[in-house]
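These are the structures in question, set out in turn.
Each of the next two complexes has subunit A plus one more chain, namely subunit B in the first and subunit C in the second.
Up next is the complex of A and B:
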């Protein structure tokens, strides 16, 4: 059965060949266009030039590492703070009907406002430097987890809620044993969105502040008309974005294990082993 | 006004565990009368079916006994104690299995214990025993999504028994299942409740099912919800499906249908 699933979900070899051919043709015609002067070399540097830039910024000059380190550090800090705040507040607001009623208008207003618009204000308030950058990232990371946690908590299954009450569960027990686990898949969807936004957030922050980080690097290269290096930075971000997406997908599969077949089998087997180790198996039952 | 309720001679000798006097419940500040003037007693260890069409207040009555909602009038006691909120003398089972899908079957069965206190090794052994009792010995570490609807309700039944409550409140527990599965589960339910000696209140809108399972049938009528009559079911246990083909059984079905039809 596992083999069947794999066979259908994996693209066939023939298709892979076609994909690769198209990709190669695209790159080659781009290269050709650039070399022959059909494309404006200033805005569309040849793939070979971009590749050379990759070598330079990663190896011979190696200057991108520092900026990557700075930017990803900010993303991590802002995302962690923003999403913890979002999930926490979402849970509190969701559990309390009164708080929800009076807070809702503000949430709607804030949600309708483009978060990036507030970025200059944050810089004015917090000054240049890491603090205001992290604040900007927090701001763009906050809403998706907040809204998703809120809706997850509000939309808790009525029958299950009634069951917990009939078992005499306290409010905290209802939250810990029913509401939060049930909201996990939708919270994870919010986190995925937040992390992607964090990447945009850090770029905006660095575009504005122009001191260090990958955003500043892109800005510097384009201003110097070194488009090949700018492209190398952008493709680096493409790769990071892709890795984030894949990483979050895997994390989601692990945390919300009951939503996928492989997770059910893995966790089920693990718990059976733990039980057997502790209870000496189910043989006595 | 509520009609007088017959008390059966069989249950009159046993101890009363649930007693309702003029129990009433209105919703929307009296705009909707869900239940009016219900008088009844439930004897220890008996199986009582609540039967009637939608809106007759049978689910309301069950929720009142569970303490999930507050009554508007009358008195209602369980083991002689007034009901003021959710309490652990009763366990509930719903039409949907309401299992927690991130927990294995056995972890679902242990949930009631976890809420009361920390789980001991003996609790775990008991949970395994209960799963075996409902025929799911080999599915202890399956997740709800890996089980059929009937199996999920079996887990819910095991969880209900794990509460240790001596009164089982069941709100159309097998109503969403197919006919064959339902019949089988009804038979097993009868076996299991007699094994554990629990008092059972079973809500259904199926008259045959109500009579087949019960010692007493509370026949309820709608608009406003009322307890019309308490019908005693005299058939010996264990019962087999053939019972439903006997003239005596069908006479009782006709009697209940008659009560429901005249209201």
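Up next is the complex of A and C:
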């Protein structure tokens, strides 16, 4: 067992070292390029300058916190609304052929419409403030969950479906035992896309309505040619996007546990323990 | 238990008193191109000194870069005040928008035409046959009018919209992708502060022009009087503070818009230029200059920026100006000094 752990952890450590070395080499080359004037500082400020800006906007000046709070609040609200609508509508459209026939064309047309072009109209219609920003993010977040839910529901294995129906399974049983287990991993992939898209959505909304938020801060910095601080904000968003993606991946593994070996082992062990406890209780009784 | 009761009582009082406080303030929705900025320091200063609250006003800023004209938001009631330039104002009137201009925020145009200091271009005349960069589409009218003053037309130059991104503007002028840029004060400040020296070649005739004037729905002048008068008085007091205590204004901006003051020298440069644009040249702050508006229009007409002249009496309305100036100057001076002392 110990040997196995060693065998798997050694390549991982090796990979980490290689990753870190490549990353460090990139940063050092960038720094050297900026310091020697090979890179245009208007577009590529030195990493050391970006690091200083990180310290300033997070610690000494601390002005990013408020904007982060605003932007992440909008991302969460827009994503939640877009996801609920996307998954809900996707499920309804997927399970009902009549609804699908009449609703799907509109959704496809809406998806083909560039969301950025619609954003100013949404602001004009819904007014300034959080509502229209959330609506923009919601629109950006809606399609991936909708399409994935729809495809997850309609692409259920027909043989299994027929088998369950022939065995007399009810609609609820088909939904619980067949449709959901097959669709959930696809839905989760849609959610992952939606949440990362929400970050782009909030930037679009804040670029148009420039009152507060990380998008507004980036615009202020770029307008003033303070590129190091603008990059610090952009890297903050990159990091948030990465963390969101990883978080959603973990959530996906936990929810759709049957799609991965580790998840199956974890849930299997848990059920075995519960079963053993139940058997023990029965034996004592 | 006593602690718990005190906490409950405090919470209950806070909940009860909150809506009352909110009801007492009149919200004034104002649409403009920038968020809180050094460019519009009277707003930041008036907020720091509590002048809006003192007038019973709460400012809801709607800074926006939308393709929909600002005047549309005034007409649909989302904005009480919109910052418009003369071309937008006249064209809106000609399009039948029932708007009225009530206050001149800037009496010296922030717009300008800038060239690289080391370039050979000395006047707008020299730009003929070259490509001129526009920060936004709104700057086309200014370039058009400036060329017209020199007897040239917009067709004598090629134009390209560069957008507001600092690096794009900087690279375009530094690398001579464009001969000049038609833009506004904040654009030059960022370039100069970053070592790209820009020289302005704006024709003198174009300098004395109102800009970013406050316009509102003409039908709402009486209905909104209390809120707008309070708003404009607070704005005037913020503007006045800069003429008596620049250091207080700088400190309020350092606190209010720190992102613009990370580089102290750039922030100071921005403030100096903004004071020049925001300080009213008329005796009454923000007063409407009928003569300037009248003289401006033939130039705009000749350049094609507006399709016909409009009688200025149909849209200039100084009904709020007296109230906007009705404040004790000495009191503002003392309050600014006291604020600075407390916020050093």
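Details
Just so it is clear, the second predicted complex is superposed on the first by the 244 of 285 C-alpha atoms of A that agree within 3 Å, B and C clash if a C-alpha of one lies under 4 Å from a C-alpha of the other, contacts with A are read in each partner's own complex, and residues count from 1 in each chain.
In this section, a contact is a pair of C-beta atoms (placed from the backbone, for glycine too) under 8 Å apart; a residue touches a chain by one contact, two chains touch by 3 or more.
Everything numeric here is computed off the predicted structure, so don't read it as measured data.
Contacts of A:157 after superposition: subunit B is touched, whereas subunit C is not reached.
Of the two partner chains placed by the overlay, only subunit C lies in contact with A:120; subunit B stays clear of it. Shared-chain residue A:89: touches no atom of subunit B or subunit C.
After overlaying the two complexes on the shared chain, residue contacts for A:226 are found with subunit C alone; subunit B is out of touch. The interface of subunit A with subunit B does not overlap its interface with subunit C at any residue. Of all residues in subunit A, only 157, 159-160, 162-169, 173, 177-178, 181-182, 184, 257-258, 264, 267-269, 271-272, 275, 278-279, 282, 284-285 touch subunit B in the complex they form.
Only residues 66-68, 86-88, 90-92, 94, 96, 98, 100-102, 104, 106-107, 111-112, 114-116, 121, 124-125, 128-129, 131-132, 137, 140-143, 145-146, 163 of subunit B touch subunit A when the two sit together in their complex. Taken in their complex, subunit A has these residues touching subunit C: 40, 42-43, 53, 56, 61, 63, 120-121, 123-124, 127-128, 207-212, 216-217, 219-227, 229. Residues of subunit C touching subunit A in their complex: 29, 31, 34-35, 37, 60-68, 72-73, 76, 78, 164-167, 170-171, 174, 186-187, 189-191, 193-194, 257-260, 262-263, 266.
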